[in-house]
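Below, chain A partners chain B and then partners chain C, in two separate complexes.
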Partner chain A sequence: MRTLRFLLRKEFRQIFRDKAIVAMIFFMPMVQLILMPLAADYEVRNINLAVVDHDKSPYSQKLISKIVASGYFRLTGYNTSFREAFGLIESDKADLILEIPHDFERNLIREDHEKLFVAVNAINGTKASLGGSYLGSIIGDFNGDIRMQLVTPPRFSQFPVIEVVASNWFNPVLNYKVFIVPGILAILVTMVGGFLSALNIVREKEIGTIEQINVTPIRKHIFILGKLIPFWVLANIVFTIGLLVARFVYGIVPVGSLLTLYAFISVYLLAVLGFGLLVSTFCDTQQQAMFIMFFFMMLFILLGGLFTSIDSMPEWAKLITRINPVRYMIEVMRMVILKGSSFSDILPHVGIVAFMALVLNSWAILNYKKTN
Partner chain B sequence: MMQDDRVIVCEKLTKRFGDFVATNEITFDVHRGEIFGFLGANGAGKTTAMRMLCGLSSPSSGKATIAGFDVYTQTEQIKKHIGYMSQKFSLYENLTVRENIEFFGGIYGLSDERIRSKTAELLQRLGLKSEANKLVASLPLGWKQKLSFSVAVLHEPKIVFLDEPTGGVDPVTRRQFWDMIYEAANSGITVFVTTHYMDEAEYCNRISIMVDGRMEVLDTPANLKSSFHARSMDEVFYQLARGAKRGD
Partner chain C sequence: MKQFLAFVRKEFYHVLRDRRTLLILFGMPIAQILIFGFALTNEVKDSEILVVDYAKDNASQELLTKIGSSRYFNIRQAALSHNEILSTFRKGKIKAVVVFPAHFNEDLLHQNKAQVQIITDASDVNTANMVTNYLSSIIVDYQNQINANLEIPYRITPEVRMLYNPQLKGAHGFVPGVMALVLLLVSVMMTAISIVREKETGTMEILLVSPFKPVLVIFAKAFPYLALSLVNVTAILLLSVFVLDLPVKGSVALLFAESTLFIITCLALGIFISIKTSSQQVAMLISLMGMLLPTIMFSGFLFPIENMPLPLQVISNIVPSKWFYIIVKSIMIKGLGLAALWRETLILLGMTLFLLLVSLKSFKIRLQ
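And then the complex of A and B:
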């Protein structure tokens, strides 16, 4: 234990001696947390729409202006033929084509029935599918208005209208920032902790100081602990700063208890740092460690459930997410911050992450060899 | 009686890396308080041999005990009783002189009291008092090497291993360095040192010369010179080493 004290003192001295690194550790995540949620927006805006209006009636004009007024679309083409409009898609000037047929107005009023054609440029998948469904719902809405005002009196409506009303629990206004900020914070803490620990031991190998350590009677687990604890403290500070940014910039106040959150993050960080240290014991140069961490970080983040829902992943990807610590972190962040889950709710998550921490750190200790 | 004071006992110690035999069946003993010179051209296998003796590298075959502990099974015991100064400077450059001393003292389990007194004594002896709170990175090489040596013997080990401690150091500092080595030997620390400087070889009690992984000769400098009919160690070394196939 006394040896550990000397190790910790040395590590903290080295970390805080490099002022540039300290600034980066604390400042960069803050900037990212402030900037990224503003840019990484789930809502799709500025969808370029080309309209092919064969009808040119007041109704078709009304529909178009309703679509543009929604704020999601930008009218980039008003064409007379589909081929012309398709040219716009080909030259990437339009994402969607709405084709309004001849006699749109007449059919809508007299025959109570009309078809519209929507063509989607699916190269940008998110934009295409969301744009298509926005357009669908605006047209549906338009249709409803017409019927209300002009066609049949609603009280004697022949067809019962079923309307689905969604209520967004835990995020009442469906503010995507509330959803994404905890996730981004989870990733930032993971990145800072993971990279710092992955580069550390390997740095001592590169400089050669590890030789001087290996020739001392220091116990391996003490040495690993001496590396683990400083980064654990740093990552906790980064996490705290992140919570403060979430609170004061985005007004996100955790619904659940902070104690629950910190209980989880404490265990979680042991797993992430253990992984970084394990990578560090396998590598000989910082470059190698950097590339390996990059590889895993990308996997962890893309399969973490922040940007895409895990439920809609293929089975094999779902399997991978089960051994992805980031997934559990993001889930817990959302559960505790948005939903107010208690410690007993996240107990399974704590258990899994604790197991990972145990395995990864033991492996790191085993793989750190003082004698080659 | 002679048996009792052997601190390094080495028998047919071998290290292979694949097909390459870095150290080939070396056999020798080193006695307590001796200054043992370990010579050889670049690539002769000196560093590999030394790393095995320090418990940093495990031998492929052969036997060796250091301070009575086995190099296969008791490496951590060995490490308590030896000091090591590697070829590459390996104190922490971004810690101060004082912090390095404190750190290694702590790792070797010295009490706070001992660390304090040792630090004061060491700074005094090295004339580094005014540099105590400067980063090690800012010291000139000669001082760095002297500091490394002092840190290697801080915990008063039985044996200290020095791998080319005076490489690139000016003659005056080398002289001072050897004074420190003598001082350590006089206090009972066995010194195991590699060098490329033949004048330094003359300071050793006994010398071994390695050629292509094998230990070709082992004797006192005087005996070696007479048996090779040479006037200086330079000549002895040249006669042996020019037959070497390895090296850079």
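And then the complex of A and C:
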């Protein structure tokens, strides 16, 4: 126990001596937590629309102004030919082209039926499908308006209509900040803990100070604990500051209990730090450790379910997400902070992460060899 | 020149000797492209939804079969009360609940109007949005199906064509993005770390007292990494064409030229970081913790940049991968040429020159 205390004192001193690193540990995540959520906005609005109006009739004008008035679209081109409008798509100045054929108005009235042509830049799938469906529903509305003008409407709807009433729980106005801030905080805390712990032991190897530790009677598990605890404390502090930022900058107050949240993060950090230490015991140089951590961090982050949904991934990728600690962290953050889930709701998550922590840390202890 | 080549040879030895790192440097980008190319999509698939059917009549059953047979949803049927919806949401698995009120069919047939309620778990806004959209369009489909025999006057039918990516594959947007992301981070980290490392181990001193020009020491260091990154680019491109089914509609030569330019920009950024820092740890923290998230978010392949608040749009301009993403997308998928991309190319060129110039200015040949 006394040995551990001395080791801890050494580690803390080492960390706090390098002012540049301390500044980075606390400052960089906070700047990112404040800035990044502002950039994370999937909401599809400001879709750039180019219109090719061959008809130039009152109807076509009315349709265009209805589309612009919806607020989702921005008219960026009013072209005379499809080819011209296509040029706008090529240079990313337009996302959608609406082509209104010749005699649109006349055909609609005389022949009872007319087509409109929509071309969508589908490289960005979300924007394409959402933009297309918004435009479709506006055209449908316009169609309804016209029909009302031309035929006297009966008292009841003539044909069966199913009305969809949608309500969004936990985040009724679909605010992206509320959903992205806890996720980004989860990622930042993971990065701080993971990178620092991965670099630590390997740094001692590279500089050669590990030899000095190896010749002392310090037990292996005490050594690993001595490396684990300082980063655990630091990451917890970063997490706490992050929660305060979420509270005072973004006004996100956890619905669930803070105790539940901290209970999870305590176990979770053990897993992340254990992983970092394990990588550290495997590598010879800091460069190697860094690249390996980079590889896994990218996997953890992009397959964590924050940016794209895990449900939509192929089966093998879903299997990877099962051993991805970040995925559990992001889920728990969302469950506790936004939905107010209780400890018993997140119990499976805690269990899995605790198991990971146990395996990774024991592995790290076994893999750390005092002799060459 | 002979001296320079000798130095480059030394650097190559350095890089090639460390087999483990080499394996990581080649294996990593390839694995990432493959994993992300297949795993990242923006659509919703197999989302678990819960059905609360108070009606249990023909219409509700028909509509349910229709929803269940689409590949977007897996239905979990449950006769719940509203209270239980809250607790299932809290457990996390279920993405949305569809509620059919009692007398759904009767309302539909006699009053010509019936309601369906969709409740989403909007703690994941993105999925909530998509699920609502998909469900609504399935319901509209069903409605059109029952109305098929009715003559509706004055019909406007929009005909929608999906340009470039008719199957709406996620890979078309994500692969160029991941390419820009991986290349940037790997190139920056490699150079930044290898130069700082010489400082830290003290061998930089030896290089500086040699009769060789100090600036060339730095360039010689970046050289093997340029070669390495070009091999990586080739591998990534081959994978994206032959494994991920991405087209290369434009010129391959132009694509390689632009990639080389982009790599040089990244190497310059790495050199800049290495000159400004003195320990490997700081260099790594800057190039990873400082750059990972901003590059992911500002490249434009996950979040549309035009949606961001203006100050962030301005910031996004200094992220080199944003420009490379546009270039790769335009050449590979749209098939555009240099005439359409001169602006992006010039920006990357300008960034490179700027970074190199600032690095040279602040490069100190004295140790203290």
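Keep in mind that, in the parts below, the second predicted complex is superposed on the first by the 335 of 372 C-alpha atoms of A that agree within 3 Å, B and C clash if a C-alpha of one lies under 4 Å from a C-alpha of the other, contacts with A are read in each partner's own complex, and residues count from 1 in each chain.
Methods note: a residue touches a chain if its C-beta (ideal position, glycine included) is under 8 Å from a C-beta of that chain, and two chains touch if they have at least 3 such contacts.
Note that the structure is a prediction, hence the values are computed from the model and not measured.
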Residue contacts with chain A in the superposition, chain B compared against chain C
C
Classify the contacts of A:34 with the two partner chains as first (chain B alone), second (chain C alone), both, or neither.
neither
Have a look at where A:18 lands relative to chain B and chain C in the superposition and call it first, second, both or neither.
both
Classify the contacts of A:3 with the two partner chains as first (chain B alone), second (chain C alone), both, or neither.
first
Scan A:295 for contacts with chain B and chain C and give back first, second, both or neither.
second
Contacts for A:253 in the overlay, against chain B (first) and chain C (second): which applies, first, second, both or neither?
neither
Using the touch definition from the top, say if A:311 reaches chain B (first), chain C (second), both or neither.
second
Which of chain B and chain C A:69 touches, first, second, both or neither
neither
Which partner does A:122 contact after superposing on A: first (chain B), second (chain C), both, neither?
second
What is the contact status of A:244 with respect to chain B (first) and chain C (second): first, second, both, or neither?
neither
Taking the contacts chain A makes with chain B in one complex and with chain C in the other, which residues are shared?
18
Mind listing the chain C positions that touch chain A in their complex?
18, 20-21, 24-25, 28, 31-32, 35-36, 38-48, 86, 89-92, 95, 108-109, 111-130, 132-133, 135-137, 139-140, 142-143, 146-147, 150, 152-166, 168-170, 172-173, 181-182, 185-186, 189, 193-194, 197, 277, 279-282, 284-286, 288-290, 292-294, 296-298, 302-304, 306-309, 312, 315-316, 326, 329-330, 333-334, 336, 340
Chain B residues touching chain A - in the complex, by the definition given at the top
54-58, 75-77, 79-80, 82, 84, 86, 88-95, 99, 102-104, 106-109
Interfacial residue positions of chain A with respect to chain C in the complex:
18, 20-21, 24, 28-29, 32, 35-36, 38-46, 48, 89-92, 108-109, 112-130, 132-133, 135-136, 139, 142-143, 146-147, 150-151, 156-172, 174-176, 178-179, 184, 187-188, 191-192, 195, 199, 203, 283-288, 290-295, 297-299, 301-303, 307-309, 311-314, 317, 320, 331, 334-335, 338-342, 345
Quick one: which bits of chain A touch chain B in the complex? Just the residue numbers, please.
2-3, 5-7, 9-10, 13-14, 17-18, 207-209, 211-218, 370-372
